[in-house]
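Both complexes shown next keep chain A, but they swap its partner, so chain B is in the first and chain C is in the second.
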Partner chain A sequence: MKVGIPRALLYYYYYPMWRTFFEELGAEVVLSSPSTRVTLAQGLKHAVDEVCLPVKLFFGHVLDLAGKVDYIFLPRMVSVEHHKYICPKFLGLPDMIRRLEGLPDLIGVDVNLYRKDRDLYTVINNVGSLFTGNKLKIFRAYRSSIKTLQKYYRLLHLGLMPAEALAVLDNKVGDKPLNYPFELNVAVIGHPYNIYDSYISMNLTGRLKEMGAAVFTAEHVPEKTLRSNAARLPKKLFWSLGQRMIGAAFHYLDRPDISGLVHVAAFGCGPDSMTGELIERHARALRAPFLNLTLDEHTGEAGIVTRLEAFLDMVRWKKAEAAGI
Partner chain B sequence: MKGYLGIDVGSVSTNLVFLNEGGIVREAIYLRTQGQPIATVQKGLKELNGRLPDGVKVRGAGVTGSGRHLTGVLVGADTVKNEITAHAVASLLLVPGVQTILEIGGQDSKIIILRNGVVTDFAMNTVCAAGTGSFLDQQAARLNIPIEQFGEIALQAESPVRIAGRCAVFAESDMIHKQQMGCGLPDILAGLCEALVRNYLNNVGKGKEILAPVVFQGGVAANVGMAKAFEKALELPVTVPAHFDVMGAVGAALLAREAVARTGVSRFKGFSVADSLFKTGSFECSGCPNMCEVVEVAEQGSVIARWGDRCGKWSEDVGKKEKIS
Partner chain C sequence: MRATFPHMGNLYIPLRAMLQYLDVDVVVPPPSSKRTLNLGVKHGPEFACMPLKLNLGNFIEAREMGADTIIMAGGCGPCRFGYYAQIEHAILKDIGCDMQLIVLEPPEKNISELIIKIKKITGRRSWWQVIQAIRFGYQKALAVDELERKVFQVRPREARAGASERAFSEALKLIDNAASPGEMAEARKKAGAIMAGVACKPSGPLVRIAVIGEIYTLLEPFANNRLERHLGLLGAEVDRSLYLSEWVNDHLLFGLVKGLRSSKETCASASPYLCHFVGGHGQETVGSAVNYARAGYDGIIQVYPFTCMPEIVAQSILPGVGSDYDIPILTLIMDEHTGEAGLQTRLEAFIDLLARRKETREVICK
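Let's look at the complex of A and B:
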């Protein structure tokens, strides 16, 4: 049995867990191809107009899997932690996808941990029973999937990018050294599905590296640090993803070795418009170099390149001034 | 005479300046790009060469603007810099102590905040080009007045009308409505200037600390109506420097001076490139589903640069690093 997983949205958070779970149950996991112009064009054609860019892209990834798999794994992610929500567009996602024609069956379970009494394990059991009647096998698959996820997170906390961490998990690391010295460090704060998708981010992290800047993201920061930093806001945030970004931004802005912060938002993202503003105000109060980038459908890369270049010039200039050159 | 060449190839205008070694602008040329960057640069070089005395030595060349990569290859530039850095460098030379730069060009607008001679913050318009030069151009054409007289007429206004500046299309409908109601032309033009300034300050200048001295530059600074609207909105004096329309080119020349001081030799090919035969073309690569649009530049029949491919298959083939992607 083949289970398809779209390479988009929460893939960047949970893929190692999902894959291990399905593989332990004897299924074959098929990933959609990396984003290309065609993926985005398909998404734009089939998605409703008012959703944000990454959700449109998700449509393209789902369509890429059509005809190749028996199931598409598409959980309805309502809440992944106590008293916090995932963005409302994720809530409606399975319903929007279901409207598409020619798709295989969807594994569309609800994941809602907003109240403690809802048990994640019931959900796991429901998904697992599609593949086996053996409860013990499901339990074991669940245990090892959690272990893989923890390993993945540990690799990220060491400073690897998701693609690099996945390569380590798969034992596919080449001879190339992973880290080489950079002249400056820059924090890039944004949703993983925007910054790590090199198509819609126009290879943002790669470009920064080419320009001599090491990239630090929210995924490199342990959950505990993120939480304690986000708690510095006068009021608790109830968006899980927003909390991660705010926590990471505040953490990096405190670190003297980080020379600047780039905030990446997708056009049409509601929560980003607010978290971006909160981060910008904080950065400005600290007089830290800050750049706001908005990703959209356009393919012209000049706009992104110009802004990144100017940003790094500003960071270098400021560093040189501080050093008294 | 020895000096440095700066070229700024923007969406609307192409500017060339020649700085002497002391950083004084000796010649400045402002041309309309008219969608033909190569021909315009060649025309500008020819004109500049004619204006300069015989035996002049170009010690370095710098390029900036959205056409900088193309032009850099064309003339053999020593620096290829983004517009923000170029504008900041030029302003610092011509208006010592500047703390705020307002720049409005043909299709983009930016604000640059400087403190103690260092860029500390900047912003560019994101997904909207309302209120930039192209819009003023278009409205002047629609009202059948030469763009050069736009500002003068606006200054005659007695009570500027209120126009929505958020969107160029809606601003136009608003203007037409006011015309049909019988408002005078000066009042409408002044109202438009105020609307554009309002939009700029809310959009690009959002949350920025605007302190005097304030410099207003870029092609739109030719419009005295805009300068006056800025003064009214900011309640600060606004300086329009003498070379407001070629500031990017001045900055590029200054950066070239810096680069050549470091490297010792210039890569400038000489004014003879004005007579070389350049051919550009683009093709869609069919190597992968990205279908990148690859641009190719050939000089006298041999390919000197390619860019636009995400993977580097074509651009690296030429052995040049000057590519957009």
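Let's look at the complex of A and C:
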């Protein structure tokens, strides 16, 4: 049996777990192809104009899987931690996707850990029972999927990008040296599905590296640090991803070795409009170099490059000034 | 303490009554206007939704009138509204309007958090008086909603242009001026009489349109460019999926008052189109579209502020409702740039479409 997983949205957080789980149960996992102009065009055609860029892209990835797989894995990710949601669009995503025509069956379960008493394992069990009646097998698949996920997170905390971490998990790393010295360290803060999708972010992280800046993201910071930093807000944020971004931004802005911060938002993203504002105010108060990039389907590459260059120039000048050169 | 609060349509009438009953010094900000919006746009985050900008403008204008304390509701997401107060406070502080902020949040750990905040507003008043104040406010909300329902009926039928509008504002003033619960019955009767006194021309069955969507743009005429008024003057009978008293009953009184439409029932109608709540009034929007379609309305208009997340989910799902029930649905998105003439044209076209459909149907039925 083939299970399709769209290479979009929470793929960047949970893919290793999902894949291990399905493979242990004897299913074949098919990923949608990396985003291209065609994926986005498909998404634009089928989604409402008003939804944000990553959701449009998600539509494209789902359509890419149609015809290739028996099932598409599409859980309703309501909440992944106590008293936090992801975003309203994730809550309604399965209902929006179901309106598309010509899709294979969807594996839709509600993942809702908003109240502590909800048990994640019942959800896992429901999904697993589609493949096997053997409860023990499901349990073992679950255990090893969690282990893989933890390993993936440890790799991210070491400073790897998701693509690199996945390559390590697959034993596909070449002999190239991973780290070479950079003259600058820059934090890039944004939703993972915006910054790690090299098509819609116009290869932002790669470009920064080419321009001589090492990139630090929220995924490199351990959960505990993120939480304690986000706790500086007057009220707890109720978006899991928003809290991660705020926590990471506060953490990096405090670190003297990080010389600037790039905030990446998707046009029309609700949480970004609020968290971005909080981060910008904080950065301004600290007089830290700050760049706000808003991505949408029209973004021209040249515009992004120019702004990145200008930003890095500013960071370098500031650094030189501080060093008294 | 001179307290103020943000505008949302006629919310100021019950809220002022409630606070004045408790002897709180209240400053009602001037009605939302272009200036309010400009102030909000200038200081607010660019991609924040419009209600935040209008709130911000309200606060700045209230501050000019001498207010020093803001009373706001909070929330626990996933809609952005839950974080409004904190963002607005940070912005106000940065522009030198340091006002005290009292946010009535749904209690997270225990109820005492909320009680402390209510006590901060009410001072040494007894709980019995607080309950009486809430009852008084609620009575006003009911009276205001009654008038709104009436004006929806009268507007498309008025014999002399502008008569319904004049009567409506006069009646609202009567309700607003009732100083004690004892005066309410009298005021309500008088207001009802004023509305009933508007001369109507005889008319056949009118086009019936339901307006659904996000609560703030539904209730605040400035935010929706006086949508209901336009529809009424173009000869359509309007109903709205949400009234102030219904919302108060659902969210503040926990459904204590029976016999009103409740959001629970509306959400149940949303299945199988949208089977999960999505924050804000997203699920209610889909549910009430289904309900209105079943009730035989001719058309539905969804309104929401630009980038409103729950309503975008609803919007992607509404075409399914529209085709299953064969009912036209128009979505209007409000932001700070909407021109009223553009809106008017679209509404005219929509009503023409509905009237034509209605006519053809009647011919076929005969």
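Keep this in mind: the second predicted complex is superposed on the first by the 324 of 325 C-alpha atoms of A that agree within 3 Å, B and C clash if a C-alpha of one lies under 4 Å from a C-alpha of the other, contacts with A are read in each partner's own complex, and residues count from 1 in each chain.
The rule we apply is simple: contacts are C-beta pairs under 8 Å (C-beta built on N, C-alpha and C of every residue); 3 or more make two chains touch, one makes a residue touch a chain.
This is a predicted model, so every value here is computed, not measured.
A.B. asks: Could you check whether chain B and chain C clash or fit when both are placed on chain A?
C.D. replies: Fit: chain B and chain C sit side by side once superposed on chain A.
A.B. asks: In the combined three-chain arrangement, what's the angle at chain A toward chain B and chain C (CA centres, steps of 10°)?
C.D. replies: The angle comes out at 80 degrees.
A.B. asks: For A:R76, is the partner it touches chain B (first), chain C (second), both, or none of the two (neither)?
C.D. replies: second
A.B. asks: So in the superposed three-chain picture, is A:M96 touching just chain B, just chain C, both, or none of them (first/second/both/neither)?
C.D. replies: Once the two structures are laid over each other on A, A:M96 reaches chain C alone.
A.B. asks: Does chain A have more residues touched by chain B or by chain C?
C.D. replies: C
A.B. asks: Should A:R281 be classified as contacting the first partner (chain B), the second (chain C), both, or neither?
C.D. replies: A:R281: touches chain B and chain C.
A.B. asks: Go through the superposed model and pick first if A:V38 touches only chain B, second if only chain C, both, or neither.
C.D. replies: In the superposition, A:V38 contacts chain B only.
A.B. asks: Quick one: is A:S273 in contact with chain B, with chain C, with both, or with neither? Answer first, second, both or neither.
C.D. replies: The answer is second: A:S273 touches chain C but not chain B.
A.B. asks: Quick check for you: in the superposed arrangement, does A:C87 touch first (chain B), second (chain C), both or neither?
C.D. replies: second
A.B. asks: Nearest approach of chain B to chain C by C-alpha atoms in the superposition, in Å, rounded to an integer.
C.D. replies: Superposed model gives a least chain B-chain C C-alpha distance of 5 Å.
A.B. asks: For chain A, what residues appear in both contact lists, the one with chain B and the one with chain C?
C.D. replies: 267, 281, 294
A.B. asks: Mind listing the chain A positions that touch chain C in their complex?
C.D. replies: Residues 47-48, 50-51, 76, 78, 83-89, 91-92, 95-96, 99, 110, 233-235, 237-239, 265, 267-274, 276-278, 281, 294 of chain A touch chain C in their complex.
A.B. asks: Once bound in the complex, which stretches of chain C touch chain A?
C.D. replies: These residues of chain C touch chain A: 45-49, 74, 76-80, 82-83, 85-87, 89-90, 94, 103, 105, 108, 273-280, 282, 306-310, 312-317, 319-320, 333.
A.B. asks: Can you tell me which positions in chain A touch chain B when the two form their complex?
C.D. replies: Contacts found on chain A: 33, 36-39, 199, 203, 267, 280-281, 284, 287, 289-290, 292, 294, 296, 301-303, 305-307, 309-311, 313-314, 317-318, 321.
A.B. asks: Which stretch or stretches of chain B touch chain A in the complex?
C.D. replies: Going through chain B, the ones touching chain A are 66, 81-85, 116, 118-124, 126-127, 207, 288-291, 310, 324-325.
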